[in-house]
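After the structure tokens below, expect a handful of questions from me.
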């Protein structure tokens, strides 16, 4: 790897990695990531337009971008579509709210003493990985396609996300701060309000973000499988009635919805943490 | 051995252009132990990165044994300040030291020899099966040094390696460097912001100016070859040299003309008017 | 001795209490939807650990394993490629995030359209659904390799494949494992959902059959089976992760205590 005697201009050697290139060459004006991302999305749309046409993807079962686009445009004009969106969002929001409250309350209660933490640890570790889809049969038996069945799934799945994060948060309380609070005679409730809650807040925000994503997935899944009113049900209907472009269009809508939920909750998380000095790494759920 | 010619580095960003390094020129002879010292922010690390091929200069070149440096050259080892981040945490101490040797495609027996020797030289023979994060800061830096030494480099660059280590450990490590240098005779460039350390360690001290950086002075250190934390540091000659370095660094005016290569000798009892003895 | 007793007590205390409560609360139940726990457990042992184990549980688990393995290989490979180049990452990131945001079960109808209702479709849908968290986490892990470590590797001439094997992959492995864990959850969900639509065997299929024919005890038992499967897989994953990431856990512990 010894260099040749010839003059080498900065940046002309092939970098081992892009980060290497950045460090070896003078600061190059590189394209902002927003532009790059846009290029990527446009390329995807273009691919989906071309591939079915040339037969790489089965034309019969895979519509082009323009077909999906026009289905989407049609959908957007239909009241039933927006009703479905609202139905999905309603179930999502309600389930998320219930799960969050339960998760926060239980999390603080369990996390507040070593005994309760240890005593419940094994149960949590067992119940947590149970796939919420395992609850589908009993949900259907008990509630049919009423909203309760959807809520059962959504709440069960999101609850764990919030609970786990809150438990991490409560455990993160600085013991010195806790002793100080006790020394100043702060009662239990005051301690929770002034010490536990602010410490746990960043974790709660992370938990909410994770829970929001999971809640959406379960809401749509429930609609798809059980038949609660919403986007999932719309999708099932479209697929079974052979409205192929519509099927894809609804899938795109769910994706967009997922992205939006993610963006909103990341923004909320960031805003609520703007005062927070340390960087909270996302503890894997 | 190592020729630095007219190195210039300019950083350009959207709003401003910063000339970090204006013109650095000096030569290291084979087997020399030279120290590079300068005020904070004067581009010491930039220079080291350029010399080690990790960064391209805007102008100028670095020659290692006559060959131009373009990307990290073989035959050069670097010890970084952040020891915690330069050791591979998924490898044991032994594996860490052995890794560059495997890359050099040395035979297994030879590798074992080198690893054992260098670990013993830094005093960590028993820690060979430990993981870096199980060791203290000073020990981790020793591992990094052992790794560099085992590599049998022609030139060893050290970028403020003891800045993040406590004072007592630093003293031990300084002595370790001199021991290793005596033993292995590696050309070494030691970058530091600590004036005392530079004078204590080096045969020669290169003094950098403020940014835009040039070499302000190139001082030969004529302290005895056998150095010792206690006696050497309290010798009058040490104080004089130290004062001279300090004075050069803390002069108010920014650097204008670079000083050419070649060491400037300080006459033993010269009185340069207001010699500053400072903290 | 008391230490061990205490630990065992803590571990099984609450589960035993809950099971006992369930047992006694449902013992004389005549509620159609909540049969006695004894019946459920009977069904679990007789049916689900009996003939159904080979007939249904095994095919499901095999499909899951195939889909998950496929996703892991593809996603980690692609992730490494994408993560190394800032430009490629910038171009692909929104596209990948979009695909990841699609609720995985929604893909099942699409894949039924494209691939029919056979085993192949199920494996592909599992793989396609669970690869996104693995991919995105791999990209992030590769991107975030420590710069000092990277510089060190460069100075010692560690480039190319060696760099990949000895630096990039180990450095990214904690993040990759996080992605693999998320992917496992998605894979299990898809395993079940894909069988609900059109299948002739499988755990999800069998549970729904039981539910549709109102074999309630069997349905509950099937749900328990699913839960057990989820638990065991998570446990297995954790065991593997702990072994592979022993260095990482040690490192984190050392950092936290300092």
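Letters are used for the chains, namely A, B and C, taken in the order the chains are written, and counting of residues starts over at 1 for each.
The criterion applied here is as follows: contacts are C-beta pairs under 8 Å (C-beta built on N, C-alpha and C of every residue); 3 or more make two chains touch, one makes a residue touch a chain.
Predicted model only: the values in this text are computed from it and were never measured.
J.: Counting only C-beta pairs in contact, which pair of chains has the most of them?
T.: A-C
J.: Hey, which chain ends up farthest from subunit A, C-alpha centres compared?
T.: B
J.: What's the distance between the Cα centroids of subunit B and subunit C, rounded to whole Å?
T.: 50
J.: In whole angstrom, how far does the Cα centroid of subunit A sit from the Cα centroid of subunit C?
T.: 17
J.: Going by the touch rule set out above, which residues of subunit C reach two or more other chains?
T.: 147, 154, 157
J.: Name the residues of subunit A that each touch 2 or more other chains.
T.: Answer for subunit A, listing residues that touch two or more other chains: 1.
J.: Can you list every residue of subunit B that touches 2 or more other chains, as numbers and ranges?
T.: Each of 49, 54, 71-72, 74 in subunit B touches at least two other chains.
J.: Please give the residue numbers of subunit A that touch subunit C in the complex, ascending.
T.: Listed in rising order, the residues are 1, 16-20, 22, 30-31, 33, 36-41, 43-44, 58, 61-62, 118-123, 126-138, 140-142, 213, 216-217, 220-221, 224-225, 232, 235-236, 239, 244, 247-248, 250-251, 254-259, 261-262, 284-285.
J.: For subunit B, which residues are in contact with subunit C within the complex?
T.: 49, 52-54, 71-72, 74, 76-78, 80, 82, 85-86, 88-90, 99-100, 103-104, 131, 133-134, 151
J.: Where on subunit C is subunit B touching in the complex?
T.: Within the complex, subunit C contacts subunit B at residues 146-149, 151-152, 154-158, 162, 166-167, 170, 173, 247-248, 250-251, 254-255.
J.: Which stretch or stretches of subunit C touch subunit A in the complex?
T.: 10-15, 18, 33, 84-87, 90-95, 97-110, 112-114, 147, 150, 154, 157, 159-160, 163, 178, 181-182, 185, 188-189, 192-193, 196, 204, 207-208, 210-211, 216, 219-220, 222-223, 226-227, 230-231, 233-234
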